[in-house]
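Shared between the two complexes below is chain A, which pairs with chain B and chain C, respectively.
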Partner chain A sequence: MSTGSVEVVYRGIFQKTLAKNICRGVVFAAKKAGKIGIAFGRYSDSPERNGIPAKQFAVVSDTEEELEEYLSRYEPDNNDVTIAADDTLCKGVESWAWYGLQPINKLLADGGTLLVTSTQSPNRLLSFIHRKGTPYNLALVRSPASFSGLWVYKDDHTDVRLLGALAKVAPHIVSLEAILETIKEQWKDDSKVQSAKKAYGATESHPVSAEQGNEEIPYEFELPGWKDMEEGLVIRGISAEAQSITGRDDGGYVPTRNTTFKKFSTRSMRPVINFDTCTKCTVCWLNCPDTCFDVTPDGFYDANMDACCGCGVCEAVCPVADCITMVNEEAFDGNDGQWEAWNKDKEAYAGWLAEKIANRPPRAHGFHHVGQYAEEVKNESA
Partner chain B sequence: MSPPKTATAKKAETEGPGGPSAGSEELISGSEAIAHACRLADVDVITAYPIRPYDTVMQYVSQMISNGQFDCDYIVAESEHSQFEIVKHASTVGARVFVGSSGVGWLYAFEALAVTAGLRLPMVAMVGNRALDDPGAFGVEHNDALAVRDLGWMLCWVATAQEALDTALIAYRVAEDQRVFLPCAISCDGAFLTHSQSIVNVPSQEAVNSFLPPYERGDKLLHPDNPITIAPQANEDWVMEIRRQSDAAMRRARKVLIEAYEDLNAKFGRGGEPFIERYMMEDAEVALVGMGTLAMPVKVAVRKMREQGRKVGFVRVRWFRPFPSEELQQALSEVQAVGVIDRDYGFGSAFHSGVLANDLRSALYPMERRPKIVSFVAGLGGREVSAANVIEITDKVFDAAGGDATSDQDTYWIGVRE
Partner chain C sequence: MQKSNVEPITDFIGTQVLEPWKGIKKVAQQEYFTSGHRTCQGCESAQIMKLMAKAAGPRSIILGSTGCMYVANTTYYSTPWVIPWMHTQLGSSGSAATGTAAGLRALMRKGKMSKEPINVIAFCGDGGGADMGLSAISAALQHTEYNLLILMYDNESYANTDIQVSGSSPYGANTTFSTPGKVQRIMHRRWKKNTAAMLAAGHPECKYVATICTSSPIEAMNKVRRALSIGGPTFIHSLDPCPKGWDYDPMYSHELGELAIETGIWPLYEVEENTVKLYGKSRQIAKGLRKRKPVREYLERQGRFAHFIDEDFDYFQAKTDEMWEKWLVPGVIPFSNP
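And then the complex of A and B:
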């Protein structure tokens, strides 16, 4: 088979330009080896919402006929390389035309390479990445995720570093020489050529066995046939029976939620809550755009991690200093609530909370203030 | 504006000028007949935006409200788009609605028109057929209403004011039937019907009540006691199933229409055959087919030609959606050639035919013995189609029946200045 494909999984809006740049680079580089290629986007929401998992693909081939097969597909499978532009995507994605949680390595060919930008250890990432059932490789480009907004592009060389790494893990798709030449031509920036070359040398690749990884069975669901579906585009409200976090009839309120479209794969940060300083003012509960706060029996508000998109509105509106803090999603396992842990052992919870906040890796949703981009570039070059 | 009503409860019959007594005879136009149907159907919400010739319906409706003969929420919107959106939403909460427009006004509402069928809302609309501007032409052409022909709207054309009134009642009954729940547009030819008065039997409220049940939205009613979401975003995962549901509803509409006409004939002593009208079709060798007020000159010409011994008949298509393929196959199975007169155009379509001719060709194709089909475009922009035009048309159809091999390979423009 002389067709090669690269899947780039990225976070909508923040990494759109980054993903596009990588795929364009692949196509231009393949052209230098006499191949033809295409690059295309597959969004899972339109317009892409903040953080929503989205994809770009680059497919290169010897002939146009082979390429045609890919053009009208949702998502090519058997990709030679899957690039996760943000390591929190390793927890799985709710992807376009995929009903449930799609493991990050689902569309990777046997023996292919999952390439991730991350500062985490391979073992830490494998605690998120679902078991594939066949062996593959996990390669790392050492870097925090490159995030920026829709209208600006944080040119921190992540695009060319990933292209350099790609030449290392999949030389049959693009050679280093072709990549470097392409970068020179397309970006006209020698420092970007150097970054790619450096990444090529630094990329570590680790073999992953068929059985390695997160044992969780990702949720999936069946779609009903047209005769079983409600007519008239009607969706029934879910009955709002009062229930409690504890499962007992002890007060509190947990809204009934969509059991199939959970949305947490959109999250790259999650709120941690200091219940000791919380004044029960209700502002987070009222302002959460996804109704993700559960009311606890004692009147606190606990963010439900199956429903939370990680937008950070709760942190922004909370009037109490350091009560709600957004922490990089990679610091957490699973989606357990926090109130129960606090309720069980307040001292241990306080220690856990302090540790999460103190060690939180840097992470931002785009840019918070004018000039942040300039500051970050300055810091990175320093 | 009157307070909203919670149900389509019927009120007592009113008397007075313009407000007919039970089973009265009135000299009224097609537009006024539609307004009477709205009153008799006790419509809850009517939205309006003026454009000729539909605006005449607005005039009669507002007159009835002003005279205290009709109680409904009458909203003059700021555009056709809002006009159709407002009734679309009113329909979700169980209000019986009426709306209408003409020509480019109808098309200005297109976004609302396109989604109404998928939402399964029984909006009833009157289209006062009008040419699509520019240059401000206000005469009749059928392309305005036909623009929604593939989108899940039931579509019919009427020929008289009486038929306009009766068909509007049929439209409510069928559109609001829970087996259907599709929007329905009644097309009335601009000027020739909207502005022509004839004697019409306006049925009593009791008679209408016995024919038309109240609008029951059932468990699709948008109400605090029935919490539902209507029309959330749906993508490739749902859209094809949604379309298939609308398709099934349109298929079911056929049977519901037949039932409605049976009941209308039984209770009102009029109504005729549901989908088509056959005129002098017994022993006909050739047939003409058309829609709307075109029937008038055609019938005149057919009678003249019959007097001369020419065996010609006429089939008037009353319901265009659902398209009466079975009835047309049956009605045209014995003729040698068919002349289709379109008061519309299909630029660049097969044989450059009008819309009706193309659908008819398609419907007759599976027949073992197919008649020749000759297509004609006539009467555009409100141009008169005369009996002489119809005879000219019929001559060409007889030529085709006689073996003229070229006659069904193109479309004739009748009454156009060369």
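And then the complex of A and C:
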């Protein structure tokens, strides 16, 4: 008599179909083993947005009563397995229904498994993943994050590979036999069955001690209870005075920002800026939908890494060929400003910039044209 | 006996005089809609909020009907708004704008507020504006004694609730209500509603109606400034590329807006005191100084049109050609002379 649950943390919209395929697969496989399951997206994650960390769950029980009992809670909070469908989510998520930065392993049960698709080393990932305080396992499926969109799905077998890996790390939730049978039935594609089997064999699992991981304390903020809320549910806006203090010629301009939601956990790529080639044309600043560019005292535009969500519009609109470049978020620690580093030591900054751009790992960011995903899958498997 | 102190129904407060910004370097630095909204990466509707607030300035009241720009910007007691903002129901951006403008006027007349022109802007999405709120907007545009602007941010679907088809969705687009199937490839066969021109033609006393796009940010801000300065009720229709519903890499948000204009699918124009004037690249297209790009270049970049085959592209092209070759006012008024 038991209940098991799987939490899938994914990039909103880009991985919505992927997360759905995984959670559905778990439920169908459970049925094959005579159990009962349910798959659901969290209501507050729909409307979900591009890139925003979102969640779907699969819960499997021996009996209907147990399932109902488990589902009476606000959301599954002691999951046997947490799947991070993109490894940059390991830096923590500003999740809906969570006020601050939530560590990726926060809702993982003691002794559970954090399953991540990543090409990075376990140690590198553990430099991002916040210290849990209790032991758990870190398992890896070796592949880059699979991104597509709402209407066109990139079928690179990441869904079934994660299902195969799941059978390895949590056989009490789904067995390999049930998973393979489900995949055969759902997709009617033998190569997908083989991919799952291969992932089952290749999945490495590493024990993580209670003390291992990123020591930083993730920020949180106090949400007022309903008794503290003001009449008419007034939300206090950002101070207008603070917005009009500085002008362009006397010390730059840094807008006062939302203090309780930063948005950087949406980012899977970040802009790096070459201030040596920047012409101060203001186009990035004016076109950034997230108002993330601070105006520096000397008239440059510095992307604020707490506010930047990594859309890439700045790179696209910048008229200078090598001024702004988007680089995979996994290459960075922390959210330090780039202009400050450049100002301190221009030579060292140039070296850092060149290294980041030269070694940037590949990363897709959704639909460009018809046939693109098929080409990508072909290149990746070659 | 009480003396009647009700001033005649003419504007006694006036409007703010917002001169157009001539060039990017003249644009105000101050932000009144800042960072920290839960929108998509590359959200052009958030971008238009930023531009609108910047253009209007600090002495403004913003009202917003339900949609992405309501839900994403006030979630969990947290907001990027600096200037006052209030939520109103889906179909009531027009009523909220009229009511707020009337309320301000009454408070000033009674001496409960010092007299000063305050910008009143109500925004709505295409669902809230082109579909549900059309009657309230129409009513607002008839009440010429109130100064207000209604800005419709059009991302061509009910994007907040996960992309249902709206009156503004383009022909053939994949939405959750028009998913292509094996039997029927094209499930949405209606041509996009011509909202701005309809409102301009239907409300001859409305002094200003314009279409804008975030890909021309300075033009867009100057149209907002013009609408707020001219007085009376005004309307602006903005086309906002939407990476979620249109299904494209968010980095191309700006570029897709440009393509919509360059292919002629989205004409930029303003109607001021009943005089229609195309501007920017749309003006060049109408004058024959610029060749329209094929609509394919725009459509093929978006996952919502990934099911299109040649005949669908051809149909879309022919309908767009009609806008420029057959319409009484190219790109604006779909009548033809006999």
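The rule we apply is simple: the second predicted complex is superposed on the first by the 344 of 382 C-alpha atoms of A that agree within 3 Å, B and C clash if a C-alpha of one lies under 4 Å from a C-alpha of the other, contacts with A are read in each partner's own complex, and residues count from 1 in each chain.
Rule of thumb we're sticking to: a contact is a pair of C-beta atoms (placed from the backbone, for glycine too) under 8 Å apart; a residue touches a chain by one contact, two chains touch by 3 or more.
Nothing here was measured: the structure is a model prediction, and the numbers come from that model.
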Chain A residues touched by each partner, larger count belonging to chain B or chain C:
C
Touch check for A:Val60: first (chain B), second (chain C), both, or neither?
neither
Tell me which partner A:Ala139 touches in the superposition: chain B (first), chain C (second), both or neither.
neither
Which partner does A:Ala178 contact after superposing on A: first (chain B), second (chain C), both, neither?
neither
First (chain B), second (chain C), both or neither touched by A:Gly237
both
Contacts for A:Leu107 in the overlay, against chain B (first) and chain C (second): which applies, first, second, both or neither?
neither
Output check: A:Gly225 vs chain B and chain C. Expected answer is one of first, second, both, neither. What do you get?
first
Applying the touch criterion given at the start, work out whether A:Val193 contacts chain B, chain C, both or neither, answering first, second, both or neither.
neither
Counting only touches as set out at the top, which of chain B and chain C does A:Ala29 meet: first, second, both, neither?
neither
After superposition on the shared chain, which partner residues are touched by A:Val317: those of chain B (first), chain C (second), both, or neither?
second
Contact residues common to both interfaces of chain A (with chain B and with chain C)
96-97, 99, 223-224, 229, 235, 237
Chain A partner, complex, touching residues on chain B are 118-121, 181, 220, 227-232, 234-238, 240-242, 244-245, 248-249
What does chain A use to touch chain B in their complex?
74, 96-97, 99, 223-226, 229, 231-237
Per the touch rule above, chain A residues touching chain C in the complex are 12-13, 46-52, 96-97, 99, 149-152, 223-224, 229, 235, 237-240, 243-244, 246-248, 253, 255-263, 266, 281-283, 286-292, 295, 304, 307, 309-313, 315-317, 326, 365-370
Would you mind writing out the residues of chain C in touch with chain A in their complex?
24-25, 27, 29-44, 46-47, 50, 58, 68, 71-72, 74-85, 159-163, 174, 214, 217-218, 243-245, 247-255, 300-304, 306
